[in-house]
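The two complexes that follow have chain A in common; it is paired with chain B in the first and with chain C in the second.
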Partner chain A sequence: MLIDMNKLPFENLKRKPLRTTALLAVVVVLSLALFGGSILATNLNTGMASMERRLGADLMVVPQNTAQKAEALLTDGSPTTFYLTKDVADQISQADGVAQATQQTYISSLAAACCDEKLQIIGYDPATDFVIEPWVAEQFDGTLEDGQMLAGANVNVSADGTIELYGRDWPVVAQLASTGTNLDNSVFINQTTVPAMVEASAKVATQVMPEEYAGKAVSSVLINVAEGYTAETVATNIQNLDASFKDLGFVYPGGITATTRTSLNTLVAYLTLFIAVLWVMGAIVLIAVFSTSANERKREFASLRIMGATRGMLNTIILKESAVIGLTGGVLGVAVASLVIFPFSSLIGRQLQLPYLQAGPLLICGMIVLAVASAVVLSVVGSLLTMWRLGRPEAYLTLREGE
Partner chain B sequence: MTKKLFAAVPTIVLGALIAIAPQTFAHACQGHDVPGACHYSQQAATGIGIVILLLGVIALFVEAKVRIGLNIAAALNAILLIAVPTVLIGVCSGAMMHCRAVMLPTLIVLGVLTIVFAGIAVWLDSRPAKRS
Partner chain C sequence: MALLAITDLTKCFTRRDKPFDAVSHVNLMVDAGEFVAIVGRSGNGKSTLINMIAGLVRPTSGSVTIDGNVVADLSDRELSLLRNRTIGFVTQSQTLLSNLTVLDNVILPATMFPEDKAPEPEQLIARAENLLKQLGVAELMESYPRELSGGEMRRVSIARALMNSPKLLIADEPTGDLDQESTDIVMQLLREQADSGTAVLMVTHDPDALRYADNVYRMDAGVLTEQTGQ
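Here is the complex of A and B:
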């Protein structure tokens, strides 16, 4: 078989399957860790940014002993129902330091027909709302009529554009973009639809709240504070309005995002450290394997020199071998990581219990290129030492070595 | 011998996983009164997994040419496996439901791995034997 200088690097790799496999394995692990880690970190940051955008209120006032439930509702908790009455909510809205206030009602649905999840039903007031509307506006610019619904990204909407809840089909006017938060498992109705929902629940299951509260139940008052006030000051002002308001629950969405951001930053820092350590170790292993093989191959290269190959040609062979290993290992590593990260995206998000939102395709393509390029560069850098060592001695002396 | 093992063992292991996973950790959604799409996908996947496993076992006892055919059959079954929860039968639509979050990706990953290993086995078996 005739082998020219272009085919020689490939033949060298083929004829030494064990060495090639060992080098490939190292590069695959490094590229897998780099690509997998970067995708995870990016998705967590995308989810966090989305969560910060969605929790757009300074203060959330909820009934007594429900602050934790309300926090869970904003992050990763299960659907829940709690409420106070509208007159209390109206009084809260009048407190000193309140710039904007809007009321929301939360109802937890039952798991309905097959393959339906328990949903969080959120009743909001489109006239005063400043939290949901900016997000809704991206998908729906009309007015949410009575009886209509807006569905979160993960909600199962049937082919005819409805959701079956409490034995009744509710028309869905728009499905919202994914946020990576619990809001993706929610449906939104306007406040005036809440009594109809309560009535429907009474017909098929345990009534979600007593009928007399249906028209006046408010679960939370979301507040944006006026300039010069802090959320804590406004909370104190609200407590001072009435003696019974002392027991109200106060949730500070800014605090929740700060806590989540801290856990996320810790996780990303550990992930970065892990990948960095792995890459340093990988680089050492690669350099060690390449330089060991350089010793083995001294005679092989000396023979090539005697046959007329220049040092440049030998360097090209080594460079091509390492680049092929880097490229193949890089592509394989990215493929293996993709096979786990993309299909299991929802499971990863659920297990991490942090906002997790898939990054856009352009960013993913960029990361693929970066991971493969890094693998190629590392392999080539690993082989530089070999090139230097093989370039030093004279061919004749190397061939005579050991005689 | 190496080629035979490479043509048979991954197919046996992956076939067994495809048969077992939907009945154990990657199960369909539970607690429904009426079985839904995820339940039927689960049953179909188990059936396909058993077929792939049997193809792998047969590959242990036959010559290279037949193994090529068996691995092509395993790859086609793997395509069918991927098509069952994605196109032919489907799974629950809720993104957080267990069958969508765990069963669907597990079957896709196992299907892709079966196709890759069957492809490599076909390539190995179709190469001329080395002359000593």
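Here is the complex of A and C:
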């Protein structure tokens, strides 16, 4: 193949491996930071939005000293077991200002075959539930029968559609969409299945709760308050129902959401600042390197001008070289970031201790295009100064300095 | 009509706020097939003159006409095309592209402005090889410029300048780095170019090179005068 002006930029890049590699390295780091940071921030926001949708209650009433465990259950804590009795739960449900109330029972399993870690078993009452059912409805529109299970997104269901738990195979009727919260490591059963689960646990391991409580254990009462009431007012009303209710735990999901949102916003702000600083520094480095190499290349450009190259041809050479570096560096940066972020998504989520939910493929494709395009644009912008200098009238006088 | 017509050409520079003429009111006609040499001490405006002829430096006044084209009136593209197709330029210093082989350096001017009736690649390669052979550097075709001596680079530059069969060949000190044998080869080649119809304008310090020229001019303090007695 004969050399021509189209191939010249590629020859220039090929024959200057050190300079090309150095420029590529800068662009790779910038593209990696932009794409990695954007994915991270998006996944955190997606996780947060999912968590906000899942915490559809104004108030959560739990036994004494278990409020923290309950909060952890909603975000990213370890599976847990705590309970009060159904008669107490029923009284709570009758308090002034309660518009809707439903009861849930939480049981922490032993490590099971289905899962890397302990499993959170959540018993809920489909008849009164207003928290889980709207979410479940996206994947399952039937009725959850006794002994059946709904599995969270991270739970491994056997090929035959069951989960082995406490030596028994439990049929799974649906697997739920990922939420980015601890609910993904949970299985859901109806309240009437709870005694069967307790009984099964007694046969193979330490019983999860005394048998006499199996039929009346309630871990939390989830409440939506009536219009004109605040969650705090209703909590006070509940405490006033009985002297023994003074020590009950009260969790305000809206508050948890707000706290988590604050942590997330802080993290995203730092991340954005870090990426912005990195990009400004990267842009300066690229401009400096392009500009320095342009000085070194005055002789080369003078030579091309003498041979008959137009100013446009010289600009095209610089533009192509910078665009190729931007494109290659951008793609490499996205590839490296993807190798880290996608396979280790759940680990990242755990380490951050924030709701973390992988964004959809369309959004990811958009971010790939954005990261690569930004890398190309930055590289081209970095070379604009050089092009401007070459485009000045009497450029040859400057170019001749290279002779 | 002369292939190269220079009329009252002046280039004025300013040094320490004082203007001076690097090239002063120069008139010169070079016909096709004529070999003109310009001699003179360094800093007397020879390079400025040939840079103005090639349209690389804009004159303060006067005009340069090449093959019927007034250089100052041409757009960047027209001027670039003129440099590529009508002018062959051998510079005083090394201006080979370091990232290309010797062969690619010589071929590049021929592929710079693609044409509908462009020669086949094989023809271009054959022409480049032939030029390099005539200049005695054919064995260096696959080498890169950094592997060449100063004299070899100069000869490759001449081959590059001749690649598009220019009507006007401008050579700034073409024998500057060459030994006697190479000087003879280069000057013989330039003479042959002139004999075959190319107008050759050479700037030189080398007295041995002058005998190949048809006319010799002297440049002194920017003023060009015809030298008699050659």
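What we mean here is this: the second predicted complex is superposed on the first by the 383 of 403 C-alpha atoms of A that agree within 3 Å, B and C clash if a C-alpha of one lies under 4 Å from a C-alpha of the other, contacts with A are read in each partner's own complex, and residues count from 1 in each chain.
Just so we're on the same page, a contact is a pair of C-beta atoms (placed from the backbone, for glycine too) under 8 Å apart; a residue touches a chain by one contact, two chains touch by 3 or more.
Because the structure is predicted, anything quoted here is derived from the model rather than measured.
A.B. asks: Under the stated touch criterion, which partner chain does A:339 make contact with: chain B (first), chain C (second), both, or neither?
C.D. replies: first
A.B. asks: Could you tell me if A:350 is touching chain B, chain C, both of them or neither one (first, second, both, neither)?
C.D. replies: A:350 sits against chain B, while chain C stays out of touch.
A.B. asks: Is A:370 contacted by the first partner chain B, the second partner chain C, both or neither?
C.D. replies: Touch status of A:370: no partner.
A.B. asks: Of the partners chain B and chain C, which touch A:319 in the superposed model: first, second, both, neither?
C.D. replies: neither
A.B. asks: Of the two partners chain B and chain C, indicate the one touching more residues belonging to chain A.
C.D. replies: C
A.B. asks: Between chain B (first) and chain C (second), which does A:25 come into contact with in this model arrangement: first, second, both, or neither?
C.D. replies: In the superposition, A:25 touches no partner, neither chain B nor chain C.
A.B. asks: With both complexes superposed on chain A, which partner does A:305 reach: first (chain B), second (chain C), both or neither?
C.D. replies: Touch partner of A:305: chain C, not chain B.
A.B. asks: Within the complex, which stretch of chain A touches chain B?
C.D. replies: My answer: residues 111, 114-117, 153-157, 184-185, 339-340, 343-344, 346-347, 350.
A.B. asks: Spell out the part of chain B that touches chain A in their complex, as residue ranges.
C.D. replies: Touch list, chain B to chain A: 29, 31-38, 91-97, 99-102, 104-105, 108-109, 112-113.
A.B. asks: So in the complex, the part of chain C that touches chain A is made up of which residues?
C.D. replies: Residues of chain C touching chain A: 51, 54, 56-58, 76-77, 80-85, 89, 91-100, 104, 107-109, 111-114, 121, 124-125, 144, 160.
A.B. asks: For a test of understanding, state which residues of chain A touch chain C in their complex under the given definition.
C.D. replies: 1-5, 8, 11-12, 14-16, 299-300, 302-313, 393-394, 396-397, 400, 403
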